[in-house]
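Here you go, one structure.
Chains: A, B and C, in written order; residue numbering restarts at 1 for each.
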Amino acid sequence: MRKSLFARNPSVLIFLTCLALFTLGVTVLSEAFGTDMISTSFVKTLGKTLCLCLIALAMDLVWGYTGILSLGHFAFFGLGGYMIGMWLMYERTRDIIVTSMANNPIPPTDSEVVAAIGNQIFGVVGSSDFPLIWGFSHSLTLQLILVVAVPGLLALIFGWLAFRSRVTGVYLSILTQAMTLALALYLFQNDSGLRGNNGLSGLQNLPGLDDVPQSVVSIWFLWASALALGLGYIFAAWVVSGKFGSVLRGIRDDEARVRFLGYSVEGYKLFIFTVTAIISAIAGALYYPQAGIINPAEIAPIASIYLAVWVAIGGRGRLYGAVIGAAFVSLVSTWFTGGQVPSIPLGFYTIDWVDWWQVVLGLSFVLVTLFAPKGIGGLFDLISGRTSPNRHGQDLGPGAGSLQEQEAES
Amino acid sequence: MSTLLEVSGVSVSFDGFKAINNLSFQIGNAEMRAIIGPNGAGKTTFMDIVTGKTRPNEGRVIWGEKSVSLLKMSEAQIARAGVGRKFQRPTVFEDQSVFDNLLMALKKQRGPLSVLLYRKSEEDTAKVQELAAEIGLVDQLPRKSGELSHGQKQWLEIGMLLAQDPRLLLVDEPAAGMTPEEREHTTSILVEAAKTRAVVVVEHDMEFVRRLNCKVTVLHEGSVLAEGSLDHVTSNQDVIDVYLGR
Amino acid sequence: MRHILFSLCAAMLLALTLPAMAQTPSGPVQTLLQEHSALIEKASRKTVQPAIDALATSGLPAAQTVLQKWQSKDMWLRKDQDGFFWAEDLGDKQYRLYDFDTDQPVGDYDKKALKQLKPNSGVRALIGVALVQFQLSDPDPIRRQEALTAIKRDSAPAHLAPLRASIEGETDPAIKARKEQLEVLLTLRFDTDDAARVAAIESISKDISLDARAALNSLLTSSIKYAPAETANIAGPVEPGSADLTVEAAYDMMVAENAATALPSAVERKTFLSENIQGGLVGGIPVAQLSTQEARDRAYATLNPTWSADVSKASIVANAPFFRVYAEPSSAVTTAAEKALNSINTRVGFNQSLDLLLDGLSLASIFFLAAIGLAITFGVMGVINMAHGEFIMMGAYTGYVVQQMVPNYTVSILIALPLAFAVTFAAGVAMERLVIRHLYSRPLETLLATFGISIALQQIAKNIFGTQARPLTAPGWLDGAWVLNDVVSISYIRIAIFVLALIFLAVFLFIMNRTRLGLETRAVTQNPRMAASMGINPDRVNMLTFGLGSGIAGIAGVAIGLFAKVTSELGSDYIVQSFMTVVVGGVGNIWGTLAGAAMIGFLQKGIEWGNPSNTLAAQTYMIVFIIIFIQFRPRGIIALKGRAAGD
């Protein structure tokens, strides 16, 4: 019965191959390689999309497999971005300050440098002192640890509170949404220590690498994002393929039954919630240096709902579905809102897609929920001829529409 | 015969309605017990209390040789302590194969990390095969359990219970909706199980209870009305008045 | 009487003689002015007082006019002849002079022949004070009121005497009360007798008005002084380095008092060092090594042997005598004022809690209003409708559109309320029919589908109405506020919303408990199959109930639009709070929603009060509190119990 992970999940190999080919293709066609077929800004868009695919993967683990509709994962994504952003901004500002101070008649002391950096960074919010939370921002290592630790800890505490009190279903969704809102509102304050609604900016410039053109940096980040996505996919496939996956799906379909089997459902939920929060944070830490700026609006609850939308459109309960959904919807959104799609003149009114895309997205989402709960991933079932089991008319349970990697063989 | 589970003086009320009223109940190791009673007698609530789903307002629930109280434990802890429960409606994981269902139930470390790192051994596979043979579902192992018939699901659930290797089995109406042959099979599974562990069966069907051939407890309005052999309780005037006579 | 007769005669005489010869008039005021002509012509703040007093106390009817004209730079002199006049500008640099006593013209003059008196601002202020007594007893009550307001705004010690003098003859009781109140405030600040001031202070120790508090606070103004004089009215010692007095400020103060010598700051020392670089060395230390404070100190000490890094400002100021000194010299007065202010502050605190309570109540009713539609669709039916906020928005925009067509605000609101209900009812029914009906057993998917509708509706609203906020104006009779005192007040709109919330509660209770629809709704939600078998059409009931909940959201939208900005994001601002309200209160119970709204409303106001600068922080803490609250009451404040609650 024992087979390797790849043998049990042929989709993993297919996916990794596609990802590798994609990355290679983009690299070869990029400006950095000299072919110049794909602009640097589009390489960045593609890199960001890969990060979104990674967080969609996390969302699929937590929602598609475990049945927790978290509306808070974008908060973890954003926190990850903030954590790496703090280092990028600190070091970048330090480089600039040190360069400008080099012309002073007397070399600056360390505390003068720090004060000048603080002035530079926090001038916009009328402050000049470093808040306590910036204590580690001088060290890349520490800040990288924080990328994982801060969102992980937040998820752990929040999850512990929420799961312990047996908040489930839509209540949990609302609670996670409230958590996200609270975090966003907190960050919007000027005295939150993270520059209020200005957010952190200039993150695309890597400290100490001023000589490297953005076209090359964008390719580096594309590779890093692709690597993270590939590793994330293997990890997710490994988690859901074994007995752990069985338990997760059991929790999704009948939580009480799993509990009476002796599994501490809360522990499993907390585990998967925290792990996916960390994955989201890593995705965010890769995303925001490519985006160049992060502000609290990115964390608003609506972002997390969009995440659920991507996963649902792609197809829940199958890893490639989440990835396809995120890539498809975010790229199409970029295309439509970028103003590249020609307007449709109706004579009396002109449909400008920049304005109407949201409407189309919202309504198409309703249609997908109603008529194609399996999402785009359902198309693969049609191709491979897989069918859902006959449930004798019973409803689909809370994870309706979710489909497993391992279908019955009969 | 040592006592495995002792419930004493337990009461629970929902919004003023006393579902269980000063109930006391005992069961020893390797004993089969049937609980009968009219609707609303508190049979399901009794199981809820023992498995930790409902907290009683007062009373004690003592478990095992070490006499630990079950009232402070969570459902999962109680299950790990050795109490298995089968629900009225068959509840199996319909989206997963019979094999996976049984494997999940197999008595193993239940912590998230050990489950994550768990690798299926030959031994476990053999154990699952053996269980499947016991409940008669060997041919169905790779099938999705959602595709099974009603009776097969009931057996699968009993099989999952046995896989947990509990010391006490709580079985809620195992024979409901079964054909006579299926009932026969169910009876034999239960009787077999009762040889090594305590089994409590809640059942309406007198014929089925008779076939189990065990001590019977009659519940009425949340407390024990009578206890003894089936013949003994069926001749009890109170029992006839509140249950059989109607 | 004699004066009047006299002036009448003089006027007649003048009228007869005009325009014969413009001679110097000789009315009583003119005589008086002539007496003080030297002072008046060369008026200075220090010397002019006798002239003003003479005019003010003369009792002449024209004295007030003289002072007013003088103050407003309208008093003129003839260069060749004596006499003070007021002038009318005829244009072309021609002026017509008028006599003060008679108000008769005395002739037209070229500007060159005249001299305008231009008293400086100090003199004008003195004149103003003198004028007060005239205004305070002016026959026109409006003028008297104005005078009082002017005194209150900018009071001076000199106001006290005329104010006291005018109380006696005051006929209007309201103005008299104001005068008396003002008299007390002036007494406690400006009276020369300390006992009178203390008495005045004690008399207002129960007055929570802003005026009383401002007057008391002005008595208690204080400043920090280094080694104040023995006689100073000292409030208490001040520790340098505390929030009140930084070490730097304390040291500067000592330097200013010659109690310490100025120490160069770090920046000054650095500038000094940079000015003394010689061949890459400063004080023998290479410049490149000056990147630590310690090295810089060494270099500086080398160049300035008297300076030492060990002499710190903090140690010098540590035991120096710094005291907080009242500007008011009398300690009896400041003690009484402290005491009075304390007792007032207690009362103010009490009133503030009352005000906070009212604020909380009004916020609670807003939350309740926003959530009550959800209490039906989510609480009773269990349908999670993320587009609920957009229904609120649709209601608000309906109100806006109606106001564009019906200009009368009262009528337009009366039309808008039922129309908003109709619009959102229809939208709700359509949504239930087309989407939600198919998803009853899949709550998470309902959430997502309704979210899709929500973003579509939001964008459509944006496309139609634009992104800027649209006004939804309340009728005039809702403007203003109900003011209890200077601390407690509540605007009429908020009262109206509170009343509306009560009406909604009553309507909800009536519909759910007293009507056929309510009965059927409860039946369908509790057991749809049983209800269906008893002849209830669950489809119809669900549709109507959902429509009802949505319709109420529309009405709430009109109410919310009256005080909030109507934008396409109006709904999403309320949606999370609304869900919180229902969840915290306990699902399926309107009293729970009420309790939830009350708790969230009061708590948010309470947190805002504790941290007034920051409503964002208040919302953050509120949500964190809710998350923790759910730990202890997962089913809300008013929970359904037992097996009925399900799992």
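In this section, a contact is a pair of C-beta atoms (placed from the backbone, for glycine too) under 8 Å apart; a residue touches a chain by one contact, two chains touch by 3 or more.
Computed from a prediction, not measured in an experiment: that's the story for all the values here.
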item: A-C or A-B, whichever has more C-beta pairs in contact; value: A-C
item: Central chain (distance from its CA mean to the mean of all protein CA atoms); value: A
item: Mean-CA-position distance for subunit C and subunit B (Å); value: 69
item: Whole-Å separation of chain centres (CA-atom averages), subunit A against subunit B; value: 44
item: Residues of subunit A whose C-beta touches two or more other chains; value: 256
item: Touching residues on subunit A, where the partner in the complex is subunit B; value: 1-2, 239, 242-244, 246-247, 249-250, 253-254, 256-257, 259-265, 267-268, 271, 389-392, 394, 397, 402, 404, 406-410
item: Touch list for subunit A against partner subunit C, complex; value: 67, 69, 104-111, 158, 161-162, 164-167, 169-171, 173-175, 177-179, 181-183, 185-186, 188-189, 191, 256, 301-302, 305, 308-309, 312, 355-356, 358-359, 361-366, 369-370, 373, 395-396, 398, 400-401
item: Contacting residues of subunit B [partner subunit A, same complex]; value: 51, 53, 74-77, 79-80, 84-85, 87, 91-97, 100, 103-105, 110-113, 115-116, 118-120, 125, 142-144, 146-147, 160, 164
item: Residues of subunit C that touch subunit A when the two form their complex; value: 270, 273-274, 277, 282, 287-288, 290-293, 296, 384, 386, 435, 438-439, 441-445, 447-449, 451-460, 462-463, 572, 576, 579-580, 583, 614, 616-617, 619-620, 623-624, 626-628, 630-632, 634, 647
